[in-house]
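Next come two complexes, and both contain subunit A; in the first it sits with subunit B, in the second with subunit C.
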Partner chain A sequence: MAHPSQLGFQDAASPVMEELLHFHDHALMIVFLISTLVLYIIVAMVTTKLTNKYILDSQEIEIIWTVLPAVILILIALPSLRILYLMDEINDPHLTIKAMGHQWYWSYEYTDYEDLGFDSYMIPTQDLTPGQFRLLEADHRMVIPVESPIRVLVSAEDVLHSWAVPALGVKMDAVPGRLNQTAFIASRPGVFYGQCSEICGANHSFMPIVVEAVPLEHFENWSSLMLEDASL
Partner chain B sequence: MSLAKPVMRGLLGKRLRFHLPIAFALSLVAAIGFKYGVTEPRKQAYADFYKQYDAVKEFTAMKEAGVFESVRPSGE
Partner chain C sequence: MAGEEQESKTKGFRLLGILDVQNTPCARDAILHGAGGSLAAGLLHFLATSRVKRSFDVGFAGFMLTTLGSWFYCRMNNAKLRVQQRMIQDGIKNKVVYEGSVLDPTNKPGAPGPS
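Presenting the complex of A and B:
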C-alpha cells in the first residue's frame, strides 16, 4: 500500500510492474535531461543585457532541434512498445476470476471448478481493528495463489468502475455490458491494496480492492472453506 | 587619441556559443546522475531482493503476524 508523503510508485509485486518501474525511471531521466536544458536556456536568456536576442534564419539550429527531439522520442517509444507487447503476451493463466463492480463494492467469482462467489465491501472506519488501514480494508479479500498467472475478467453491474492494484501493475476499466481482461503474476506472497479508479457515485472512494497472494495449498484450503461456508 | 571600435555584431552568437555547450553538458550530467543515482540502484535493489528471497520464510512470518485473512497464525 501507499505510505504517507510517498512520491514514487509502490514496491512492485509482479514482473510487469517491475518493468513499468524501470521504464518510468528511463522516461523520467529523459524528462530531467530536457528540463535542465530548457531551464538553463531560460535563465541565460533572462539574465542578459543584450537587447537583440532573437535569432532569425539559422539552418543549423533548425536541423538540430528537429532531429534531436525525434531521436529522443524514438528512445522513449522503443522500451514503451516493448512493455506494451510484453503485457499482451499469451499468458496461459492457471486461474480465472471475475471481478464485478457495483455501487459500491466489488464481487468476485471463482467459477473455474466450482461456483464460488462473494462480495467485498469496505470495512468502515469505525469497525477497523488496530493495524488495519483506513479506507483500504475489505471484509472479504480476493485470494490468489502466488507465482501463478491469474486472469481477471472485469465488468460492472451498474455504472463505470475500474479495478486497480498499483503494486501488481494492474488497472482495468469495469464497463457494464463488457468483459475486459487483464492478467498478472504475484511474484511474492503478501497483501496488495487498490481502490476503485473510475468515478462511480457517492462512495467511489469507499470500495477498495484487496488481493491476498498465498501459496497454492493455502489457496486451495481457503477456497474449500469458502465453498463450505457458502453451502451452509 | 582614438578609442578602438567596440564589438557591435555577433554578440548573441558569442553568448550562445558559450552557453549552449554548457547547457547540453549540464543536462547530460543531470541525466547520467539520475541514471546512476536512481535507475541503476533501483534495478540492483530489486535484483538483490529476489536473489536472497525465501518466499516460504516470508510467508510464514507474515502468517504468524496475522496479516492474512485466508490463513490464520498457528495458535488460532
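Presenting the complex of A and C:
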C-alpha cells in the first residue's frame, strides 16, 4: 500500500518483487557512488591551481574511464538479466484469471472450474466508508489464494489499458484483440492496490485494481458465494 | 492501525537525496565502513607524505573501495540468508502437506519395515 509522500517502492508481496527491490537497492548504491565521484571531481576541478593548456592525451586515464564504465555496466547487467529470466519462468499456475479492461472498469473471469465473472468498478469518493482509500477501492476485488502461482490473462474490450499491481511486481498491457499473459505468486495475505497504467480516456485515473490474497479455504468460500450470487 | 505502522517505519535519511540509508539493507553499514576506511586511508597517507590534496584523493578512493567492498560482502550474505530462508519455508510447507506420505521430506530412507 502506498503512503503519502512515498518515494520508494511499496513493500514486496511476491518473490519477483522482492528480487526487484534488491536489484533496485544494488543499482541505487552504484548510482550513489558514481554521483559522489562526480561531485568530488567537480569540487577538485574547481579548486585546483593546476593548469596545463597543452595536454593532448593520456593513455592511463583514458584506459580507466573506458574500462571502469564497462565494468560498472556489467555489474548492473548481470543481476538485471537474472531477474529478467526469473520473471519468464514457467511456473505451472494453479489458477488462471482473465482480466479484461473496459472504459472504465475491470472485469475478472475465473473459468477454470465454473463460470465465474464479475465487474470491478471504483467506489466513488462520496460512497467510501471510513478507513477506505480514495480512488483505490473497488466494489469487487480480485480474490486469489495466497502462496499459489496465478496466471493472469490480460486483454481489453475497447481501448488500450494496463493491469498493474506494484506490490506484486506486475504490469501488463491490455490490448484489444490480444491476450497477454503474466504470472505471480502472492507470498503473503493482504490487499494490494494498483491503477490502470495506460491512458484510456476521461476516467483513466478512476479504474483501480484491487487484489486480495487470502488462504485457500477463504478463497473457496468466496468463490462459492460469488457463484451463488451470480446464479440468483 | 495505519498510523501505528507509519510510526514504526522510520522516516529514512536520504544521502544525496537518493539513497535511503536507514531502510535499505546493508546501506548504513556500507556507508559507515566507507567513512571509516576513507578516514583511515586519508590520514595514513597524510602522515606518510604530508600532501594534503593527494591525501584527500586517497581518502576518497578509500571511501569508494571500502563502501563497495562492504556493500557487496553484506549483500552476498544477505542473498545467502534469503535463499536459506526460502528453502526452510518450502521445507516447512512440504512437511505440513506431505506428512505421513511417501513424499514426506523427513522420512529416513532404508528404514526396515515390520517383518
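In the analysis below, the second predicted complex is superposed on the first by the 224 of 232 C-alpha atoms of A that agree within 3 Å, B and C clash if a C-alpha of one lies under 4 Å from a C-alpha of the other, contacts with A are read in each partner's own complex, and residues count from 1 in each chain.
The rule is simple: a contact is a pair of C-beta atoms (placed from the backbone, for glycine too) under 8 Å apart; a residue touches a chain by one contact, two chains touch by 3 or more.
Bear in mind the structure is a predicted one, so any value in this text is a computation, not a measurement.
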Combined model on subunit A where subunit B meets subunit C, clash or fit: clash
Touching partner for A:232 - first (subunit B), second (subunit C), both, neither: neither
Winner by number of subunit A residues touched, once subunit B and subunit C are compared: B
Partner chain in contact with A:37 - subunit B first, subunit C second, else both or neither: both
Which superposed partner A:55 touches (first subunit B, second subunit C, both, neither): first
Contacts of A:212 with subunit B and subunit C, given as first, second, both or neither: first
First (subunit B), second (subunit C), both or neither touched by A:188: first
Contacts of A:143 with subunit B and subunit C, given as first, second, both or neither: first
Partner chain in contact with A:202 - subunit B first, subunit C second, else both or neither: neither
First, second, both or neither for A:3, with subunit B first and subunit C second: second
Contacts on subunit A seen with subunit B and repeated with subunit C across the two complexes: 18, 22, 25-26, 28-29, 32-33, 36-37, 40, 44, 147
Residues of subunit A that touch subunit C when the two form their complex: 3, 7-8, 15, 18, 22, 25-26, 28-29, 31-33, 35-37, 39-40, 44, 147
In the complex with subunit B, residue positions of subunit A that touch it: 12, 18, 21-22, 25-26, 28-30, 32-34, 36-37, 40-41, 44, 48, 50, 52-53, 55, 140-141, 143, 146-147, 187-191, 212, 214-215, 218-219, 221-222
Residue ranges of subunit C in contact with subunit A within the complex: 6, 14-16, 18-20, 23-27, 30, 57, 60, 63-64, 67-68, 71, 75, 78-79, 82, 86, 93
Subunit B to subunit A touching residues, read off their complex: 11-12, 15-16, 19-20, 22-24, 26-28, 30-31, 34-35, 38-39, 42-43, 46, 50, 53, 55-56, 58-59, 62, 67-71
